Each structure stands twice: as C-alpha cells, then as structure tokens.
Amino acid sequence: MSRQNRREFFKAAGLASAGLVATVTPAAASSAHLPDNAQSGMLYDATKCVGCKACMTACKRVNARPGGLAFEQAKFDQDGLWDAPEDLSGNTRTLIKLFKDTKGWSYVKYSCMHCQKPSCVSVCPVSAMTKDPVTGIVDYSKDVCIGCRYCQVACPFNIPKFQWDRTLPRIVKCDLCRNTNLKDKGIPACAETCPAGAILFGKRKDLLAEARTRLRQHPERYVPHIYGEHEIGGTNHLYLAALPFGSLGLPVLPSDAPAAFSEQIQHTIYKGFIAPIALYVSLCCIAVRNLKKGEAQPAPAVTPKKEV
Amino acid sequence: MLKPTHAPTRSHFSFSVFQYFSICPFITMNKDGCFPGELPRRDFLKLCATATAMLGLPFRMHSQVAAAARSSAKPPVIWLHFQECTGCSESLLRSSHPSVSSLILDLISLDYHETLMAGSGAQAEQSLHESMAANRGKYLLVIEGAIPRARNGIFCKVGGKTAMELLREVAPGAAAILCIGTCSSFGGIQSVGVNPTGAVGVRDLVTDRPIVNLPGCPPNPYNFLSTVLHYLTFKRLPELDALGRPKFAYGRKIHEHCERRPHFDAGRFAQAYGDAGHAQGYCLYKLGCKGPATYANCSVQRFNDVGAWPVSIGHPCIGCTEPEILFKLPIAEKVQIHDPTPFDSYAPANLKEKGKGPDPLTTGLVGLAAGAVIGAGIMLAKKLPTAAPTQAGRTHDHEPAE
Amino acid sequence: MGHDEFQKQEGRIFTTSFFVLLTLSLIGIILIAVRCVKGIGAVSNMSDGYPWGIWIAYDVATGTAIACGGYAVAILVYIRNHMRYHPLIRSCILTSMFGYGLAGFSVMVDLGRPWNAYNFFVPSKWQFNSAMFEVALCVMAYSTVLIIEFLPAILYSLETSRWRRLHLILDSLQPLFAPDKDTVLGNIGYVRAAAAWIRPRLDKVLIFIIVLGITLPTMHQSSLGSMLLIAATKLHPLWHSPLLPLFFLINCIYIGYSIAILESVISSYAFRRPYEIPQLSGLAAIIPWLATLWLAVVVGDLTWRGQLAAVWRFDIYSCFFLLEFALLGFGSLILFRDQNRRSPRWLFVSAALIVLGGALYRFNVYLIGFNPGQGWIYFPSLSEVMISVGIVAIEILGYQVLVKMVPVLPRIGHRRHARFRATTPRTGLPYPAITKSVTPVQPT
C-alpha cells in the first residue's frame, strides 16, 4: 500500500509542482513589453532646476486635503516655522533634494515615476493602486486600500509612502494632480509653477524627443542617458541630469519590469485555476480510496504490504 | 482761527477746511506751493498709476482711473470721528500723492470732517445735515473710531449726540461706509479686555449698508485712496475678504513680501533688540513679529512716501490689521505659522541613515529572551531521555515500509 | 478516525504559566490599543523603507510555516495513508488553527486600513496579479477549513461533557445573576442532541474538507514565496530566485513535521505523558530527506543564477545564509541516524535546529535579505516585539486551555483502532510517579 501510495502521492505532487517548475524557463522572456508613449509624463531636467522649491510648495497647496499632505517640522525647528521634509513621506509627494560632492552638485526632484508597468499596481491585492490606461497615471484610492503596504515593498523607487504617525493612515504618492490641478488647469501644479522650466509635462513621446534634442544640442551638459526611458520597462517620469543618476539617489535599475517577471510566475501557476483544481481532485481521489481501504480492513494488527 | 489762505473753489460747502493746514508743520508741500487749486498733472497721474497698481488693475486701466478721478462727479464724503486718536486722519494727511488737499479738493467732496473743518458748532452740524439731505443714498460715510455702547453710549458725544445716535442718523443714507482704522473696523484698543465703554466696530451696529473695513493702526492712506478711486472708477466697492477688508490691500500676508524674508527662510533671527542679528537686519519673528499671521500690504506699499515701515526700522509687526492680534497678543509673543514654506536648505540626496534602528533596551531584552529560550531548549534537551523509553504494552501496528 | 484515539488533558486551567501568559497577552493587547489610537509608527520601528517588520516576517511568514504541522501531518495521514500518525493530527490541527489565527490577527494589527479589508470579497476589486491576494484568500479559506476540521473534537465534547464547569459557573452566579439554573441546564439536552446529529454527518464529508486543507496550504505557502518575487531590486540575490514559491512550499513541509515533533516532545514532557516515539521517528525519517532536497535545490539554483560567489563573501547576507544552511544541515545530519530518531533528546534537538533554520530562511527572505536602498535600517522596537509576543502568548494560552477542555492529545497507550483503553497505571513509562495525572475522561 505504502509504495503504491507513494507513487500516487508523487503523481499528485508532480501535478502541483508542474506549474512551479514551469516558472523556471519563461522568466527570461518576460521583458517583451512595449512602452506606450502616448501616456502623460513629466521630464525633469536637473540642470535647469534652480532649487527654488516652488514645486514643493505648489504641490502641498494644491493637493492638501484633510488626512492628506501636511507640513513637516524639522528637528531643530521648535516653532514650526518651515515645511522641511527630509524625504518623500506620508506628508510629502514631491521634494527637491541636493546632491553635493567634490565633483559637483545637482538638485534632484523626487516624485512618483508613473511606471509603464508599475509594481505597485501589480501587487495591490484589492486594486487600490490603478494605472489609467489612457493617461498612464498611477493613482491610489484610499477608499479601497487596506493598508498592507505591499506597494511599498514592491516599488523599486521607494515612492509610495505610508502615514505611520496617523490613526487613519493612507498611502501618499504623486498622482500628477489628477484630481486637482490637472483636472482644473490641464497641468500638474509642479510643472505649472516651475519658474525655470525644469519640469515639463506632456506626452511621453514628446518628452523623449525633447530630452534627446537637449542631449544632442548640449552633450557637454548632460550625462548621456535619459533616466526612465528603459528603467524597469520604462517610466513616464523622465530625468536628465549632469551627474550620474545613481549619485542623485535614483536607483540603478535593469530594463526588465519586476512586475512582468512576478506576474508571469504567478500566472503560470494559477492559469485558469487549473493546477489547484487538478491538485484538489487528485488528492481527493487518493484520500477517499485510502479511507475506503482503511474501512475494508477493520483494526488489522499488521497492514499487509502490497507489491506493485 | 486763521483765515483760509485760498478760497475753496471746488468745494461744495461754504467754508474751508484748509485753515487747519496752515498751522500744521508736517504738511507735505508740493512744488506749486502750499495749497494749489489744481493738482499738478504729474502728481495726479502718479496717484492714478499708484492706485491702479495697488488695485491690481492692468496698467492700461490707469487712464480709466484717471478719467474717473478727473470727472466732475465727485462723491460727497462725510467723515465722522468717534472713540479714536485721529491717527488715521493724521496718516492721511501725510500722503503726498496726492496731498490731502488735492484729495479733498479735486477728488472727493469732503463735506464734513471734524478735525479738518474750520467751522464748528451749529454751523458745522448744519453742513452735515445739508450734505446728508442733498446726497442721500450717494455719499460715502467714513467712520474713524469705535462706537461705545455701554450706558447708552455716553462715553463719546459730538454735538450733544452719542456716537450711536450719530451713526444711526447718518448711516442709513450712505452709499457705503468706509471704516478707517482698526477702531471703527473691529473696536480697536478700547474694545480690548474688560471693554469698559462697550466699544464695538461699525460692523457690529450697521448691517444694512455695504461696509469696507480698512483696519490698521493707522491704516495706509493709499488703501483708503485706492478704495475711493475704485469706487469712482467702477461705481462699486472692491472685492472684500471675510473680515470686510479690500482684497487688493489685505489679500496677502505681510510675511509674504517682507524684505527680511530671506533671513527667515535661512533661519537667521534677531534674538533680542539690539543684538548682533538685529543690527544685521535679520528676521524679527523671534521678537514677536506678527507678519506671518497678518494680512496687509505694509511690506509692499509702506508708509510716508519714504519707503519706511515698522519692520524696516527694526520693530516687529504688531498685527494691527488683525482683530485677533492687535492689543490681544503681547508684542513679544510668537505667532504660529499655518502655511509654512520650505526651509532655505536642501535635504541631501544621499541620506546617511533612514528609518529606526535598534535601541539598547530592545536589543538587550530581545537578546536576553533569545538566550533564555536557547538556554531552556538546552536544559530541556538535557532532561530528555537519550534512548527511547521501553515500550512495554505498546505495539507498533505497522512500521514504515521503508 | 475514532474519537477514542484522543483524550483530554486533565488538570487545572489556572496554573502559573497561565497567569504569566495572561500578563504577556494583556501587555500585547494594551500596545495594540495604543497602535489603534496613535498609529502604527507609535509602537513600531517600521518605516517607508521597511514597510514590513516582524509582524509580517515572524507572525505571518514564519508563523504560518510553524503552523504547517496540521498540513504536513495531514499529507502523511490522508494522502500517504499512514493512519498510525492519526493520533498526532488533532493537536497539530489545533496548533495550526492557533498559528493561522495568530497570523490573521497580526495581519489585522499590521494593516493600516483594516476596515477596508472587506474589499477582498468584492469581485470587482480582485487583483489576480497579486500574490498577496492569493495568500489572503487562501489563508482565510484555510482558517475556516481548520476550524471545520477541529469541529468534531468540539462537538464530541459538547456531546459527552458532564458540563461540570458550566455547573460551577452557574453555581457561582446562582443567587444574583442566574436565578433560573434549571432552564439553562435543561437546554443542555438540545445541545447534546444537535452535536450528536451534526457529528456523523460532518464525519462523512470531512475528508473533502481535509483534502481542501491540504490543497490550500500548498497554494498559499508557495505564494508566500511569490510575494517577494517582485522585490527583484531589493531582495538580495542569495534569496531572490524564480524558485521562491517552490522553496517556501518545501520549507513549510519540513518545518511542519519538525514542529509536530517539537510539539509532541515538549507536551509529553510538560504534561508528563509518554513520548510518542513510534510516530515521531517515522516523521523524523522524512525530514532529513526533504531538507537535503531543499538544500540541494537551493545550491543548484544559486549555481544556475551564478550567485554562488555571494555565499562566500562573508558579509552580513552571506553569514545569515550560511547560518540558515548550517542549522538545516546539522538538523538533517542528526536525523539521518536511525538511533537518533528514537531518542527524544535528539529528536528535540534536531527538530529545533530544523525549525530554527527553516524560520531563519523565511526571516532572511522577508527582512534580513531585504534591502530597500541606501541608508535604510530597521530593527523592531520593544513595543513591536511585545505585540508579537502578546499574540503568541494568546495562542499558547488558547492551546493550554483547549487541550484541557476537549480531547485533543493522543490517548495514552493508544493502539490503532482500539475501542477503549483502561486507565490502569502503566509500567515501563519514564515517569511512573505521574500516572495519576493522566487519567483520561471516560467517554459516556
């Protein structure tokens, strides 16, 4: 009995793990994913930025909602004089930072990259993170979010931020002013307010063309790379800068989207829910047969071994 | 009393208000001499341009403003004084574009002003009544000073009538009421604390007439002039904020346009009067400056036509246009900033340490607990028998097939 | 699957350990209340870089693996048809139940907006790309299945109990709060009848529920591994592998068997019952093979991905990887020797090593190998740890109380399909003096 059972067990286990094993091979083929260049995005040119932080102020002014963005006090600031975020946070959607070392310095603006294949949307278990198929805006709905913070784990740029200090917390990230400035004026507040023209808003293809033009016209000003063009499958927020992007706090990333990779594995295992159902049915057959055998031999002192 | 040196040619009423001027040493004279019959064109246009700019109108509007100012239909103005110090009138007298003489001779028809009138007694009262009757529903009423209400308002009487009675008499016929100064706008200093005279601003007594509050202690005269010019140009009052103040003058905080603002953004403060920071012209916030909470255009328009204002000479703003600040918050007290802006520095793109790491207590306790568990595990392992106990009475029904 | 295979543990409920655990539980509950009022940041050191702390890494990822005893033993009993392990199954299912309850409770503490959790049941919100969606639904379903699997024990108790505690409670309430004692007691008959009606019917379909209880953990344990697949740029290459689901699946099975051994040895020791050596040594024979298979696949995978060099870098990642490897390796080595599999001491030591190694693997994947980027650090705060400790304390407390109220533990001197065992003191037991405390309740 045991031997036969073992064989059946392995058969069932084989069924179950077929999906798992199948995941090994196709992982490499996951990057076949074309960027949709008609989506909206932004181009931030660090060499044009003057560090005035008008974008930060405008963002908070436009997107302040109860329970949303708030001002952040620096440690040394006893009187609450300034809004001094040190990083993106549950209170801050966009932020200008400064990189400085012996080789040079550069401002850098942080905000959501609005990926072509966003990890946060891929992992959100309740579809609180969504990507608009037309504009490409990655938006968040607090009314659906369960606060599991999987989006934070998944995001390669560490963009979604959680309100750790609030009783009713939510995830905070840039939505290109989708419900505020973009709706009212057709342009996100930061791009609208930027006095230096460092933030351009537009279609991804136009932004890419503009970025390439700038790289061509002033090759001495820039690192010859458009950050976001290929990173993790492409992002709608693009960067130009004079210093290597890694030093500006932007992670050096491969061109494959992690979301495509993980979805492929997940879909292989659960395609049509066939594997789990097959597993269940075969296990049921085995268990029921075992049970019947057990009943057929009431209280045997020794179970006879069956040869196969 | 001195005789007027110039007979008023364009005034509606029979006596001149200019007697007063001749004894005032601080009148700004213009090139044409003391009291011109005509406002020099250059000054006139300058005034109109100033007002146009202040009102936030496009520059091309200034000809329209000038045209309105030039028209013969001058609005009659009645100016009443109640509980006040006349500082607002004094402030007005210091304006030079136009000088107050031009104002009251060329731009408006000042029919009654207790301080500036040469006449007094029954004669003065008569002119008031004449003007009221002749211009009913058309005159602008300017109120300076708070109105006492306690004991039927006996604390302030003019011509035998209490302030309340006067207001009740004059207000209904006014096209609009301009409350000049914080006293008439919100009650001012006499309304603070126990308020023994029961002083209130006009807004607490008159509800059926349009009211423009021009608070300040004193208010900038150009705010008053611009309001009047706006009325002349557009035949309506300017847009007001929730406290009844014209938005063109009281729409933004002093802090937003302060010349010391860069010091604030950089965190450079005067800590005490006369200290090094004070001498360097640093921000006065820590001395109690109310600029971040006070809506007014002092930091832009300034005073006395010489570009001076309290903050520029080293004194913190006392918030004189705000009913909840002036005389209610101590001058040295700091105000809370409700809409902070970024600090004048940058977070480094490569932060050294983010998030919260171990603290000694937790690590210690977790370590102790882990040690205790491992220790207990070892102790338990020692106590457990090495060999399987004899299994008498037990049968192993079927040994594993392997 | 007779109920006579199991018995209640006799003894007082209110022991010293009961009160110690109760204190820990209360501290945990108070801290959870603080978390509810002041936000997660007030009690934990989690940050935007490390959004998942020990509540996920320990309570959920590791806790459910430790709670896989029920799953692993059920495979053995029902699929591989080793009915002799059946006596172990009820206590395994009970610990699984509490383990998954702990995970579920921790998740509710950890969720920022738990009131929106109903969206898991709204089809328009389903998100099939998300490993967490799969884990959540499976874990919820499995918890229900575990309760149903455990239901026979409760029904049996309801049916056969003499309701002594209810009598006592009613007596203590008697004069003031429960004037009509007879009415309450009169209803016991109905409860007994209902339990007696449900139990045989449940027994008939139970096997399908049990098989569901094997399918679901297979799915969600592998998905627990899939969860970190997407963190390709954050999880250290030593652990980030497309085989993560497979690793987590095998990992949970050997942890499940080991924990069944640990649990049995410890409860035998603590409750002074004879050791269930025959069953345990059988289980112990499977573990080393599984663990070795797992280690081999891990090494193969590392080689295939060209990350073998990272093992010998001796940075913090490589150290933890080697530690995990060593724990599992030593544990397996001990169990390869037949003699050790019959020794309670070595069973305990090896099972403990394997559980530690397996748990460390999950910690490595979820926390230690997770690096969100430059500068981020995380170490749990005291209150965060105390909440986890409190939840575990609640779990152990529940286990302690329940084994004394319903028949869970294997009957002493149990013989397969034995109808009834006399309660005479047994000879040859390691602790003859304690036999008085192991008087089983006679089924009525």
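Letters A, B and C name the chains as they come in the text, with residue numbers starting at 1 for each one.
The definition used in the following text is that a residue touches a chain if its C-beta (ideal position, glycine included) is under 8 Å from a C-beta of that chain, and two chains touch if they have at least 3 such contacts.
Every value quoted in this text rests on a predicted model; they were computed, and no experiment measured them.
Count the C-beta pairs in contact for A-B and for A-C, then report the pair with the higher count.
Most C-beta pairs in contact, of the two: A-C.
If I average the Cα coordinates per chain and compare with the overall Cα mean, which chain comes out closest?
Central by C-alpha mean position: chain A.
Measuring from the mean C-alpha position of chain B to the mean C-alpha position of chain C, what distance in angstrom results?
Between these chains, centre-to-centre, one finds 68 Å.
Suppose each chain is reduced to the average of its Cα coordinates; what separation in Å results between chain A and chain B?
Roughly 48 Å, centre to centre.
Rounded to a whole Å, what is the gap between the Cα centroids of chain A and chain C?
About 33 Å, centre to centre.
Residues of chain B touching 2+ other chains?
Answer for chain B, listing residues that touch two or more other chains: 350-351, 354, 395, 397-398, 400, 402.
Pull out every residue in chain C that's touching 2 or more other chains.
47-49, 82, 374, 416
For chain A, write out the residues touching at least two other chains, lowest number first.
Within chain A, residues 1-2, 87, 249 contact more than one other chain.
Considering only the defined contacts, which chain C positions touch chain A in the complex?
Residue positions touching the partner: 36-42, 44, 46-49, 51-52, 75, 78-83, 107, 110-114, 116-117, 119-120, 122, 124-134, 136, 207-208, 210-212, 214-215, 218-219, 222-223, 226-234, 242-243, 245-246, 249, 370, 372-374, 416-417.
State the interface residues of chain B toward chain A in the complex, per the touch definition above.
Chain B residues touching chain A: 264-265, 267, 285, 334, 336-337, 339-343, 345-351, 354, 395, 397-398, 400-402.
Which residues of chain A touch chain C in their complex?
Spelled out, the residues of chain A in touch with chain C are 1-2, 5-6, 9, 12, 16-17, 20-21, 23-24, 27, 87-90, 119, 122-128, 142-150, 152-154, 156, 158, 160-171, 232, 249, 251, 253-254, 256, 258-259, 261-263, 265-267, 269-270, 276, 279-280, 283-284, 286-288, 290-291, 293-294, 298-299.
Provide the residue numbers of chain B that touch chain C in the complex, in ascending order.
It is residues 350-359, 361-363, 365-366, 377, 380-398, 400, 402 of chain B that touch chain C.
Which chain A residues qualify as touching chain B in the complex?
Touch residues, chain A against chain B: 1-3, 51, 53, 56-57, 61, 71, 73-74, 77, 79-87, 95-100, 106-108, 247-249, 300-303, 305.
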